[in-house]
Amino acid sequence: MKKNLKIVTIGGGSSYTPELIEGFIKRKDELPIKELWLVDIEAGREKLEIVGDLAKRMVKAAGLAWEIHLTLDRRKALKDANFVSTQLRVGLLDARIKDERIPLSHGIIGQETNGAGGMFKAFRTIPVILDIVEDMKELCPDAWLVNFTNPSGMVTEAVIRYGHWDKVVGLCNIPIMCSKIAAGALKEKEEDLFFRFGGLNHFHWHRVWDKTGVEKTKDVIEAAYTSPEGLVKALEGVKSPINPNNNPDEDGEQKAGVQNIPNIGFLPEQVRNLGIIPCMYHRYYYITDDMLKEELEAFEKGETRAEVVKRTEAELFELYKDPNLSIKPPQLAKRGGAYYSDAACELITSIYNDKRSHMVVSTKNNGAISDLPDDVVVEVSSLITSNGPVPLSWGSFDSSSRGLLQHMKDMELTTIKAAVTGDYSTALQAFTINPLVPSGKIAQTILDEMLVAHKEYLPQFKERIEFLEGKNN
Amino acid sequence: MKKNLKIVTIGGGSSYTPELIEGFIKRKDELPIKELWLVDIEAGREKLEIVGDLAKRMVKAAGLAWEIHLTLDRRKALKDANFVSTQLRVGLLDARIKDERIPLSHGIIGQETNGAGGMFKAFRTIPVILDIVEDMKELCPDAWLVNFTNPSGMVTEAVIRYGHWDKVVGLCNIPIMCSKIAAGALKEKEEDLFFRFGGLNHFHWHRVWDKTGVEKTKDVIEAAYTSPEGLVKALEGVKSPINPNNNPDEDGEQKAGVQNIPNIGFLPEQVRNLGIIPCMYHRYYYITDDMLKEELEAFEKGETRAEVVKRTEAELFELYKDPNLSIKPPQLAKRGGAYYSDAACELITSIYNDKRSHMVVSTKNNGAISDLPDDVVVEVSSLITSNGPVPLSWGSFDSSSRGLLQHMKDMELTTIKAAVTGDYSTALQAFTINPLVPSGKIAQTILDEMLVAHKEYLPQFKERIEFLEGKNN
Amino acid sequence: MKKNLKIVTIGGGSSYTPELIEGFIKRKDELPIKELWLVDIEAGREKLEIVGDLAKRMVKAAGLAWEIHLTLDRRKALKDANFVSTQLRVGLLDARIKDERIPLSHGIIGQETNGAGGMFKAFRTIPVILDIVEDMKELCPDAWLVNFTNPSGMVTEAVIRYGHWDKVVGLCNIPIMCSKIAAGALKEKEEDLFFRFGGLNHFHWHRVWDKTGVEKTKDVIEAAYTSPEGLVKALEGVKSPINPNNNPDEDGEQKAGVQNIPNIGFLPEQVRNLGIIPCMYHRYYYITDDMLKEELEAFEKGETRAEVVKRTEAELFELYKDPNLSIKPPQLAKRGGAYYSDAACELITSIYNDKRSHMVVSTKNNGAISDLPDDVVVEVSSLITSNGPVPLSWGSFDSSSRGLLQHMKDMELTTIKAAVTGDYSTALQAFTINPLVPSGKIAQTILDEMLVAHKEYLPQFKERIEFLEGKNN
Amino acid sequence: MKKNLKIVTIGGGSSYTPELIEGFIKRKDELPIKELWLVDIEAGREKLEIVGDLAKRMVKAAGLAWEIHLTLDRRKALKDANFVSTQLRVGLLDARIKDERIPLSHGIIGQETNGAGGMFKAFRTIPVILDIVEDMKELCPDAWLVNFTNPSGMVTEAVIRYGHWDKVVGLCNIPIMCSKIAAGALKEKEEDLFFRFGGLNHFHWHRVWDKTGVEKTKDVIEAAYTSPEGLVKALEGVKSPINPNNNPDEDGEQKAGVQNIPNIGFLPEQVRNLGIIPCMYHRYYYITDDMLKEELEAFEKGETRAEVVKRTEAELFELYKDPNLSIKPPQLAKRGGAYYSDAACELITSIYNDKRSHMVVSTKNNGAISDLPDDVVVEVSSLITSNGPVPLSWGSFDSSSRGLLQHMKDMELTTIKAAVTGDYSTALQAFTINPLVPSGKIAQTILDEMLVAHKEYLPQFKERIEFLEGKNN
């Protein structure tokens, strides 16, 4: 068996990195790491150095002899890597601010994963990821790619469909939070419950059973999803890394089960009718109107999620600079994305050690969800083996969820196609069919404005952007 | 072979009836009609008498000995019928006005077929149609049910799925208009073109080939669907019954290919990307924003489609009263729905005479559209035989249309389920997933307001309505 | 519209050619033919000349000015062709004799279409057809390929799947005979019945309705398929070209509905249980044992179908030589395959004239049969348009037919793959899973013996054949 | 959580019972058993007493206070049971002897699971199992039914499809033996390998990966399935309960990986082409001819498997009588079916303790195998939770296996339908489409002969049997 693992993190200068390092340290007995490479680009050099130094201090404090390499040379890092994780953000947080604010300036939800913003994140990110895959084919053809760059499901699909690289797994922290909420709602230990998740990234549902085999799905819906107060209460019982002392003042993820999303209540009759538990992001689809209102208020105040995160990050990097800091600071929890990096570490050790653990990941459907083609990427409960994820069969959805799921999958496929081809009409189609974007002139206006705003990172759309700029001048 | 046909029209007092009578007269050599029964309810008695008298004059003028029976006794009419057509409107046009105005009063598209309005039309109509089917099982178990009551696809699906009655065909005039537009755009005779339609009622696409086998789909898109002017031009060449002299002052159906819908242009790049030709109703999905704006203007002026139609109908009935009138008056064209009744007559003669003609109807999918289950109702090109429609295989849609189609089908199934069960949470789910209704509190508000407004026709929702009225008092 | 049609027949020296010529002459008003090219190979030169001269006499006697070209130069013939029909037989009838006799010498059904013999016919034919397709891409890229070379379904599938040529239609005369039998059984005119066929070439079922829409499938099963006498009686009423005078001494196709197959009775309870009408070839699957017995008797007597056909053909060519003969001689009927060539002519005129006639052809499934993938070739009732066949939706089979159908399709796909790749293990797999070939050493023995016997026509299997010959020496 | 488990075994007088008891004893710390009920019928009373006494001695020797109840009163036993296992044999081994010998007397494979014999076992067993399910609905509605009565897949499917009882799992020992063979072939520990099984009971394939994620499927095929010697060698390394000392004289399961089946070699090129590993029973389909030859030899010698087993059983019961015996005697291994009962115990503890262990069971497909409908029973790798099995997604088969699998599933469905309805034509259809039974008169002859031979246990076929007996007299 291979020893002396080389693990590479692209986007290593991210504020998430300390959690990742912490995750590896926790698993030091399982993972014979020799080298950790943190890779970033020139624009991220300063952050890379700050966070890289912290990483070194953390590893040292843990008494480990791992080599920490900081580099801007991606190819050097990839050479003979065993695992590559990607947590990059093309255009940094300023791009995300545009992703969110431009749509909102037209009265439309921005939403950095599945809305207009998420589509642009896909347009910017997918070409870069496909480049990384090309490098991997050459430099580390046996490595696994662990993606937690959003939109995680679309990026994973692009890697398989257009990169023709099957050794990839997409990760997200939402299923972890959902499980904690369910446990909290049921006042059970998480490990005493059995979960099945099915759907797409940021668009999945789940069911839950207790230790005696009784389905508790409806109880969870009732307790945690028919009122915002129920959700807060369910989260109270959760001793989370975000809020380890269950301090009610630490709002942490407790607000809506996830930092990114306001805790607005679902319509009780609607979620009861579903019969399965939605994820936090379903608010965008099930209570669109209310979410939009909340987002517009944040927009007015200059407090869109991206803007808040940018401030949080600045604070975090100030903390990271402290030469006495050698652990992941608890303030990272406010950043959102808790468990994300930990999930990546757990996935890596599960593959490496063939642990056959049960995780929810983005992977090829292969029939797990009967309502979708075999060859698309879904986010689904899986057994993690040394050969990667094996999905558990979910079966079929009923008509209250099925069509919407199929619609979202095709929105994803159309978006990915636009990202890869740079075809403007495909991009417009993706905007047209995205349920979070009202179609018509408004959609085209936003699309065009965003193309120009992000032009630096969208070489594939050069022709249209030049046309638009000509028109505007 | 059976002779002495008995044909029954439920909702016989409709303003459409003269076209239906004209259609039968045109086919007098093919259809050995003995009795035509026009059935209506007490509230429609006056209209029934007016239109029934006109029908008698038309038949007499045509020199035919057919018996015209006017009755309020549905069961008497159904006894031993060979064909039953349904063109009823539960709650009359006043209900339609509510269907359209209530959503618009909240800034939401009403749309009497697939929007909030159409869902309420389904809620009111489906229980009545299922009652008719029960009567048919007893009184005329070999008859065919020809439905052109909207929402035609949902009603047809309900008859099959919940009424367990397979001898039903749903009709619509939109595919006929689409074919005429294509012919006009290509400057070809309609009969020289080959069409394939696939999708759902008011939500289908088509492709077209010329006599030499060359696909002309893209040419039609370019000529008629990338600008409103193109569409007007395509329609110019059409010598339609609506505007037999191609009089440019007779706006007739010429406005948007259909009276119901304003001629607002699709986004050229979007329809080109589709690769298949949308129907007029796709405007609601592809240019939602623009359609809403137009509808809101009509709403402000008290000129929603329902209000316009109500005035048109009043004028029509004035005309119908003229004892010297013994033909279908040309003004009927303004009513919209041209070809609808004619299509019903053609369907009846095709079944009766096993004509194997090519029509676009709502019928069981049976694999025609691979992306939908076999047992759902689709609107698709079919061969009409003595045993009913046999769909032509459409195959698969690509991701630009597939998911949206699947989504709409499940919206339909959820709506139908709510209509049949009277379950409030299912109705709310249908509102939530309908892409024309923004979800959240707004959806629930409109749903509740409409339930109360239509309470007279919604006995199945009695419990919720009483609860709402209690709350409101 | 194109005029001056150029039609090319590859395998023009076939004994079928006079029927083809007759078919074109019958349609002279529909088809503006300028040139008919009959192409053959050196080994068929003599037959080509005999049958070509007869063709010329036939055309002349019909008073037509069509040019008849006889050539061994396929590429010259294909240049600018509008339609290309293929009726070739690689290895001539001697190869078919081996196809049938080698398996029978081991006590196994040979069967020239779906059995061991048919698989070898596929192995020999598919590479030649794919060569023709390559020529067509270059020389007549707009032409339609009309294939009636057996195994017609597999050849058509190979053209689409491996030749990537979609303008191909596979033909067979069996559905025509089935329709005539049904009409005879019901004592109805064929044109008064509506048929739906679904399945694969030589492996399809059908249903039938009368003019009033009543399904008559069970009546046909009872009358014609529960006893051999019933079948003979059903055929009596058929005034077929094979036996135009209904002469009971002319056994023609009357024996079993098709010359190729002995009229052995199905098991009545089994065909009743099917609920749909089998084709003649289903005898091989439903009464395997009895068919084998009959074939073994013919084998003993040197009267396998191939041997009989070889003698019939020799007699036919003697007749064809008669300079006074200028019509298709009635004796051709004994050859079997009646209507085959006529169907080809009808298909050509249907495409050319966009006749939208209803024919049963091998074409891409596209959902017509829900139990099979969209992209495989099926034999199914279709509308023939200028753009080729559009299948009618068949829907699903029940468990009595479905699995066997799916099995046969995969046997076909495996056989085709072996034919194209020359991979021996794939060929052995195809033999193993073919339900007409007992698996195990016997299958391998027959496979190997046939590979060697046909080595001249199987360059793709060169490696294995050389190995076998080495072993045998 | 429930305590004081009550476990009921129907067919408790079986020779397998000691292994079952041993299995429970091994898991005494996991399973808080209070009562074990062994149920049998009058005809099995003596065996029940013998084996029941042994069971009591075994439990006592293990120092356990479990109550062992022996009863002929099934309803009393079922009352408030937690788990019910079924290992009954309707008609005892004499019926199995007929199942095997009657077909062989006509030169046809009998095969007690999927061949003619297995179909009759289904005909006899399914009505009894459905009766048990009816009792369970009334007496122990929360219990799980653990079926290891053959044909295990068909019985499980019948329980779900016709008994409408979902809490059922079908078990088989073949996947366990396959895993041991693979481990032996690879010289790896079984627990270091990851297996995925997919297919039907006695008709599944598997793939295997090592601890580093490398697929070893081809290595296993090459080592163990391309020659009989390879298989023997692979089994040598297995320290099996059958042959705990690896004594080469103890042929045990070592013959072919399973006692029931002779170790005849697959065709190497064929299994290589499969690309996935067949199960032992695939010999019947892949080397039919060779298997038949072997079976006919056994038939001649009066040594069909059933006859051998009958003798083995008699010997076993002699051993069981020994009052000094208080362990499972090693000779039981010769009986075949090793691990079967152990698997049942493991399943029970996995459900009871929510162990989420990985087992191969017959359960509802739910998309696990994309090539089969969601609602059929398949045998597939599953996670065993307190709510029963959750299948791992297998995905699709390629054309070398897919069609044959689909064919077998429909043979099963047709057989089950015949078993439930007693419809003779459905039974004949099942015989006709079963690939192990040559169709035609031979099939009908065997079917009829077996109906009469088993008439005592086939009340549902009374009408046909009386007809046959009338005919024969």
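Brief remarks follow.
The first chain written gets the first letter, and so on, giving A, B, C and D; residue counts start at 1 in each chain.
One rule holds for everything that comes next: a contact is a pair of C-beta atoms (placed from the backbone, for glycine too) under 8 Å apart; a residue touches a chain by one contact, two chains touch by 3 or more.
Just so it is clear, the structure is predicted and the values come from calculations on it, not from any experiment.
Each chain's centre was taken as the mean of its CA atoms, and the one lying most distant from chain C is A.
Here the spacing of chain C and chain D, counted between their Cα centres, is 44 Å.
Those residues of chain B in touch with two or more other chains do not exist in this structure. Going by the touch rule set out above, the chain pairs that meet are A-B, A-D, B-C, C-D. Of all the residues in chain C, the ones that touch chain B in their complex are 1-2, 192, 194, 196, 209-215, 351, 354, 356, 358, 365-370, 374, 383, 385-388, 390-396. Of all the residues in chain A, the ones that touch chain B in their complex are 267, 269-270, 272-274, 285-291, 399-400, 402-404, 406-411, 413-414, 417, 423-426, 428-429, 432-433, 435, 438-444.
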